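In structure tokens below, several structures.
Here chain A shows up in two complexes: once beside chain B, once beside chain C.
Entry: the complex of A and B
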């Protein structure tokens, strides 16, 4: 296996479009496990984690731009990011993994349980995909098409994630649960962004759940049901049913479908409650 | 033995190897590098049962980096490993496959990647057999025999009193069946060895291991050379907990055979998956438990049937069977007991030693029974335990009577005090959280006892500069025994601990001291160090007396000085005394032995004197449970143990906290998942071993009831907390939910599913 470290994005793009069986690596905390287990065997790894063009968190043109090579730890320590994204980033792995893993890696790895995915869906995240000849934008909720599958083409690189600055208004919260308290993969995760009035009536809301379907899910019907209404127990009951209709969890080595269903509802309520606090 | 007091006893001493371990300076077996070193990687069966039809290594040998492939027929010796009779485990399988992790071939190559590639390239054909995965299937009449002698590994009874008479006296009977799951040791460092051939025809094997002398025996046998040709050096060992014995013998023998054949160093370092699938686990168990008591709470009879799932090979199953048998009735005074314990072969990863050694499983059952009995009697659970607790002069389940060092009641007293001073915050019980407090009592036999002779050798050497070099035949795998040994030598010789070096076990230079097991290092090993140091001290004393021109009895040693007892200011640095002793020809080295009293019991009924002492303990655990996720938080955990005497308080706390966390993992989080005989969560992402964030707030309370049979009155503390914490947890969950869970682990998912006294929780 060859390990190539391009110095510019252009170089990286040329490498992946000219070489067959090349794979991008940006941290590799999951990719290296897949390679070790012989689940994939790329002939060439192109390491883009050091590319300056892909780094950093900045505000530009009405967007918050997060470079794809921003490490998970940089997300955790950022003071300008929405709360749910920081909480999600904090839930990933251990300090060592967060130091080396990247946002772009977490997204393109496309695991349904990735802990930055639901926050970014809740925050209306937009992905910028660049190839040698084109540049396009894809909404995060349209990016995933199955477990470990995305719409990203072989010759494309995710360079940044954009969040509209509107989402810096409002409040957000993230919840996850796993088999233990640290260094654990989510059995379920939930992220909610919202704006609300003083008496808990929801003005705007976006919500997403992870690890309960083949891809991270945006809960559109739930959002619809909550919009314009004040949150109280009866409404929450109604919402619980909607959540149960929208999700399609499976039983696997991490949890049963039954447990996932019940906990999704609880985590949703907890996240909602946390996000609502502050509007009271 | 052991009637010796140390002035440093009970103090806090930092681990003498702590700094090198946490800074990464310590080199583990897998870190080693030797010129020309090759890597070995095993081809494993991948199916739980079958008959090998074909092993074709030609494709593997075509890989340029591959130097050699070993098959069963390439092993010069008997191709057998295994700690105990019936020694039923092949080093490399050639005929039958009995579990998925079985090694069929070892590929040796210039790189680990090539070795792995070579292992996959070997063409293996196995005619599959229907695997036997449950003990009940294995025990069925006419079941396929996993081993020629049948599917029972070991089966024994403990018979005390008259069980029928006992139950006739009983006014109340509590009867339940309990289950516990397999548990993985989950040490930080997976198994690793490095074999280095020497010019003189010997081979040195550096190994992450628990019992270097076991290794030496197996390696020599499989090489078909005398044991004296093999040298095993224990490398720094990143945890073992009972797990680095059989498997270390396996990879140690394979690496040694390959290295001798090739004349080059060979390393085998397991990956996590190999470590989980290919080395022993804690036995899963099914325990049918019937307790008979009078209305006043006096227990009059216990009938217990235990089935241990031992997996594919015997490993330590016979001894684990015996230990479960002996401990099943708990730390109580019960006149009539019948226990039957059977370990069974199945086509799964073999089970063997794991911290607690059969005791955590049976203690979970016995302590659940105690709480169930208390609730039936409407009696306070701690009061019921107190009423039946063993006292000095009482007969244990084996009829052994200890006149001293039965501190169970003191541990109950300590817990009683803490119970009164800290109320469970039940009043905070709300829509979200359920609160529960659980108690448990336990006992754990100390030293080899029924398992055989218990001898430890230690050597003490004083250099001319007055520094001390210590060698003991028992290994430090993280538990801190090197520090305890250093403390003992320092104390005897009057030097500071930093002047003592405890070298790692090297079979060339210490006496065979048996395995490092059964919480025996401090108790038996400490005494050997004491004796050796005391002998060397005689030379120093003689020399100092000559130098002071005073009687030997006038001389004392402290802080690296010899001084006169009547006048502290008259002192000579120890290095001067040691140098003078050397030049006067006084011996400055000694090899001493300590031997624990032998066991003496009837092998049919297991009645008699089995252990030199028991560690007794009482635990209390306060938890709260999230009704809607099943998540458990441990609010408080107090572990009170009678450990005879504390030698190093810091070490004791480390052992109690670590052991309790293993118990907590066993009771709440850890579960080996499998499908058709194949483990599906052989990694730490899916096997939920606790992390530092899951650490429970364990507080240690030491009860010191002097043990006349152990060094300095001490009793081991390595294993006991596992059983105490696990069973207190189970009882706390029952108290919080009102549901008695009869299976371990009790995961948050189980808790949520069962609901509880307020019904099934759902939004």
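Entry: the complex of A and C
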């Protein structure tokens, strides 16, 4: 295996479009384990974790821009990010993993249970994918096409994630459950962003769930059902049924499908309640 | 690949294969065997080292990533005279060591915490060592030891 460390984004783009069987690496916290387990065998690793073009959290042109090489720990420590994204970032791995793992890595690793994915879908996250010849934007909810599969081409690099500043208004919350409280992979995770009136009537809402379908899922029918209505017990029962119709969990090493169904509803209600607080 | 970095205050200049882990460079090439290999997949924290002030798993990190960085391993804590670091003293005083295999990693995670937060509370300590597993399950004494080292910072 060869390990290359480009100094600029242009160099990195040239490398991945000219070399066969090259794989991008940032923190490497997922990738190094996949390589050690021989699940993948790239001939060349192109390390983009040091590229200045991919770093930092800043406001520009009506968007919040998060560089793809921003570490998970930098997300946790940020004071300007929406709450659900900070909560999601906090629940990833351990301090050691958050110190080197990156946002772009969590996204491109494309695990259905990634803990930044549901928050970013709830926040309307837009990915910027760059190749040597083009630059395109893809909504995060359209990015995943299956477990570990995305629409990102071999010659593209995710450079940044954009969040429209409108989503800095409103409130958001994230919930996950795992087998213990630290250093664990989500059995289910839920993120909700919303704006509401004083009597808990929901004006705008976006919701997403993870680890209960082949890809992180935006709950569009649930959003429709909640929009314009005040949250009360009868509505929540209706929503619980819709959630169960929208998700398609499987049983695996981390949890059974039945457990995931029950927990998704509970986590959704918890997250909704937290996001609604402050509008009361 | 050639790389240079600072390890425990000393300049290191070394050639490594591209697929070598930082853990193997530290243990097998540099002979610093205080850093342990436990799970080899970032779950146990026995291999924790500090890179540019941050605790990281050296089993998940390719050695080339250390290029130009400032690295600390457990061997870098005590002084050349043999005088122990306050954290090491506190672990001894509190009896926070059973089999000892997790201890270097625990101490490195604790050092990264104390370096940015000299007097952490119990919750902050538990969070800082949440990526370090002690299979003897001696967590209570480990938390006490880190608290003790932190209190020492108050007087120093």
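We take it that the second predicted complex is superposed on the first by the 280 of 280 C-alpha atoms of A that agree within 3 Å, B and C clash if a C-alpha of one lies under 4 Å from a C-alpha of the other, contacts with A are read in each partner's own complex, and residues count from 1 in each chain.
To be clear about the criterion, a residue touches a chain if its C-beta (ideal position, glycine included) is under 8 Å from a C-beta of that chain, and two chains touch if they have at least 3 such contacts.
The structure presented is a predicted model; accordingly, all values stated were derived computationally and were not measured.
Asker: For the combined arrangement obtained by superposing on chain A, do chain B and chain C clash, or do they fit?
Answerer: clash
Asker: Go through the superposed model and pick first if A:183 touches only chain B, second if only chain C, both, or neither.
Answerer: It touches chain B and chain C both.
Asker: Counting only touches as set out at the top, which of chain B and chain C does A:263 meet: first, second, both, neither?
Answerer: A:263 sits against chain B, while chain C stays out of touch.
Asker: Would you sort A:32 into first (chain B), second (chain C), both or neither based on which partner it touches?
Answerer: Only chain C; A:32 stays clear of chain B.
Asker: Look at A:157 in the shared chain and tell me whether it touches chain B only, chain C only, both, or neither; answer first, second, both or neither.
Answerer: In the superposition, A:157 contacts neither chain B nor chain C.
Asker: By the touch definition at the top of the document, which applies to A:97: first (chain B), second (chain C), both, or neither?
Answerer: second
Asker: By the touch definition at the top of the document, which applies to A:255: first (chain B), second (chain C), both, or neither?
Answerer: first
Asker: A:47 contacts which: chain B (first), chain C (second), both, neither?
Answerer: second
Asker: Under the contact rule defined above, give the chain A residues that sit at the interface with chain B and also at the interface with chain C.
Answerer: On chain A, the residues that contact chain B in one structure and chain C in the other are 36, 94, 182-183.
Asker: For a test of understanding, state which residues of chain A touch chain B in their complex under the given definition.
Answerer: Residues 36, 38, 94, 177, 179-185, 236-237, 240, 253-256, 258-259, 262-263, 265-267, 269 of chain A touch chain B in their complex.
Asker: Enumerate the contact residues on chain C facing chain A in the complex.
Answerer: 1, 18-19, 21, 40-43, 45, 48, 54-57, 60-62, 64-65, 67, 109, 112, 127-128, 130-133
Asker: Give the list of chain B residues in touch with chain A in this complex.
Answerer: 120, 271, 628-631, 669, 673, 680-681, 684-686, 688-694, 747, 749, 752-753, 762-763
Asker: With touch defined as at the start, can you tell me which chain A residues reach chain C in the complex?
Answerer: My answer: residues 1-3, 5, 25, 27-29, 32-33, 35-36, 45, 47, 49, 73, 93-97, 99-100, 182-183.
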